[in-house]
Amino acid sequence: MSQPLLTVTDLRKSFGALAVTDGVSFDVHDNELHAIIGPNGAGKTTLIHQLSGSLGCDSGTVRLAGGDITRHSMVDRVRLGLARSFQITSILDGFTVIENAAMAVQARSGSSFRFLRPASKERRLNDEAMAALARVKLDDRAQRRAGSLSHGEKRQLEIAIALATGAKLLLLDEPLAGTGHEESAVLVELMRELKTTHTIVLIEHDMDAVFALADRVSVLVYGRLIATGSAAEVRSHPDVRAAYLGEEEEAVRC
Amino acid sequence: MSARTSDLAITGAVPDVAAPRGGRLAGRGTALAALLIFLVLAVLPPVAVAVNDPFLVVTATRIIVFAIAALSLDLVLGYGAMVSFGHAAFLGLGAYAVAILSSHGISDILVQGVVAVAASALFALVTGAISLRTKGVYFIMITLAFGQMAYFFMVSLSAYGGDDGLTLGGRSTLFGLPILKSDFALFYLSLGVLVLAFVGLRALTLSRFGRVLRGTKENPVRMQAIGFQPFAFQLTAYVIAGALAGIAGVLLANQAEFVSPAYMSWQRSGELIVMVVLGGMGTLVGAIGGAIALLLLEDWLAHFSEHWKLGLGVLLVLLVLFTRGGIVGGVARLFGRPRS
Amino acid sequence: MPRTGARASLWHPQSNPISLPDFSGPGLEDDDAQGMFNLFLLQTLNGVQFGILLFLVAAGLTLIFGIMDLINLAHGVLYMVGAYFTATFTALTGDFLLGIAIALPAALLFGLVLEVLIFRHLYERDHLDQVLATFGLILILNEGVKIVWGAAPMSVPIPEILSGAIPLIGPLKYPFYRVAIIAAGLLTAVGLWLLVNHTRIGMLLRAGAVNAPMVSALGVDIRRLFMLVFGFGAMLAGFAGAMVAPILSVEPGMGDGILILTFVVIVIGGVGSVRGAFVAAILVGLVDTLGRTFGPIVLRAVMEPSAASQTGQTLAPMLIYILMAAVLFFRPSGLFPAKGAAA
């Protein structure tokens, strides 16, 4: 296989004596959807903070398309094509839906130190924003205030914003968090479609969604990856069953 | 509590005050309100002549000057969510630029204006760069302290009057002509600056830059996650606001024909904040309205008692305590915007 | 136009002759080196005394900031109120120590009343509301004091028992009252240290400065803790005001200048840290006092004398702000951060 898009090597982070990320290594290849699962407190959120650049690491490296980005800030990582979504919806409620996406387009299209021309009238920003919205099926909501969207729609917008940054690699932090059955079906379908053009690292609690979508799954327990493989491999891995699935086996089967 | 301290410069006060859509109608409403205020001000001098009250123009000029300063603070406070408590320092620096230059025989307002803008922008750049490394209560205290630093600098600058201030030999000139000797001319110049400032800031808040600034106010982490570094935008806004307040200072020195460190006192900074908040943050026209309202209120209260500040204080405390969600929320509701 | 801010300069020796004790005494007229040393010694003591007073005001305020996340601009007026209470009760009883003894509980009570009436309702508000309400409170109390006691400064005589001067080296003397201020302040600091580090309340205070929600989750009545901190902070500020009553004029607005210096102290020391407040207060007191005296002298080495004294006088008042900026540049959360402030 060609060079992986994302390579994480022996990543470590401790808070005091507590190792929250303890020697994590994995690769993500182009157009792969790599899911990271694990019980609560396994360190999934810490890991995504480290991958997105909002939290440093004690040792180890993160490489994007071969380039070392371990010491890069969140802003620099976005510019290099790595964007994240947030577990807790983090859209700009006071702006319109299209402006939320257009803002992300603006960040990569020319200087934002322009002071006179109205930004909302910039055709190119709006066109690209609309394309991102269309991708998540929110184009009919473009002129609504983002704060007035339903929860599921906000989750869709969250993904549209990440798309609008132009990133190749999307870090999706529990995109299904808090969604109902129908909403989550829409989002799962959306991610299945996104896989065709983007590389995705998915952190998710919903096992149905993970096993339906993931090309590969890594299992994180107490800051360590105890297994990585296809959905079937991981499901049958004895350590995984012991550490994680055992208690939730019922949930996985159904 | 911890969620609050995690915000950048402060407190997400009212998320959607600055949003253009919530809507576009509100945007038109504020523009209309501003137009109305400008028209009333424009006909004021002839009215003052008609009612034989020339002092009206002098008072109005002073109000306009503070409205310009309040407008500049609104950019920082209302759009940038930075609670700056040292804004009067920029006003004072602008005023001192006029006084100091004219005491050395340089009385052209254009030269004075350039120096005033340069001085206040530089002060804003240096102090802003340090202050913006912090957030929350730190930011408030540090801007206050830097304002006080400028104040004490002027107090101890005995060559230029020190604590007592400095009386100007006369008003500024334009290309050697004493045009501003007339109160009317100064009034219309000030009004012109106010209109320009309003129009310019309105364009700025809707521009690419303004959109990033407003987004940063609402959610700085989100802005970083899409590739914006808030610091550069906040600092630029801080410098622009400082420079505009410096221009207001140029006009203030001409209006009073006197400068003193009192222009830079922290009470002045506090009053500027009150103007912006009372009028409605992040609306621009609110800052103008707030300046007019507060200065008229002060004059009016002063009629009744020398202890008028007591009345103002009581008013402030009551407004905060008895409006649901504070003054900030109360004013937002007055403007009829939905809170998310 | 009101110029109350200018009164802050009362804090500074050159505008307040009383602060320069025995300055023209024989110590200065010896040879230069000896004179310089004596001057240094006196000004160091003055700086420490100034710092001690700053500490008393800052100690309560830093806890209020740290634990309640409340920006209180009105802390300086509590200092002023303490001075007025002392002046009044001293006049009534004819005894300064008795006056202080009544003024302290009165200041505590005053703080508690303010907490119940106003501050209690501000804890959950955003910082801007807190700024506006406490700014309003300053206006109210500064004017209120004018109404009750008049605008003219009041003076309090130094009590007989604390007057006089104690000899330092050779002919050099230092006023006994100022030594008493230093001693009383240090005692208070030690008491606070014991309270914060060796009592259950202190443990809650330290925990609260780091994580207030956690403390309330422990089942502690956080409202009572807040009230206690606020009242106690008011009393400490009042105590500082009481002690300066005999050496500064007691007048409306006297708290405004010290408020901002207190902010500088808290920013340098780190919000929520009593230890930080102590170190920073002494540092600010020394830098300010010594800077004003020795700034011009040091500059004379590189400039001609009149320019040096002019430049020195202009720059000296800015020293503490430059110090603050420098500390912030390297440590955005202050010297002893209780919790992070940097973005």
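Worth pointing out:
For reference, chains read A, B and C in written order, and residue numbers begin at 1 within each chain.
Throughout what follows, a contact is a pair of C-beta atoms (placed from the backbone, for glycine too) under 8 Å apart; a residue touches a chain by one contact, two chains touch by 3 or more.
Predicted model only: the values in this text are computed from it and were never measured.
If the chains shown are joined wherever they touch, the resulting network is a simple chain of contacts running from one end to the other without closing. Distances from each chain's CA mean to the overall CA mean are smallest for chain B.
Rounded to a whole number, the gap between the C-alpha centres of chain B and chain C is 31 angstrom. The distance from the centre of chain A to the centre of chain C, with each centre set as the mean of the Cα atoms, comes to 51 Å. Each chain gets a centre from the mean of its Cα atoms; for chain A and chain B, those two points are 42 Å apart. Residues 52, 54, 73-75, 78-79, 83-84, 86, 90-96, 99, 103-104, 106-108, 111-120, 122, 143, 145, 147-148, 161, 164-165 of chain A are the ones that touch chain B when the two sit in their complex. Contact residues of chain C toward chain B in the complex are 1-6, 8-9, 65, 69, 71, 73, 118, 121-122, 125-129, 131-133, 135-144, 146-147, 211-213, 256, 260, 263-264, 266-267, 271, 310, 313-314, 316-318, 321, 324-325, 328-329, 332-333, 341-343.
Residues 1-2, 4-5, 8, 10-13, 77, 83, 85, 127, 130, 132-138, 140-142, 144-146, 148-149, 151-153, 155-159, 163, 220, 230-231, 260-263, 265-267, 270, 273-274, 277, 307, 309-310, 312-317, 319-321, 326-328 of chain B are the ones touching chain C in the complex. By the touch rule above, chain B contacts chain A in their complex via residues 15-23, 203-204, 206-212, 214-215, 218-219, 221-229, 233, 236, 340.
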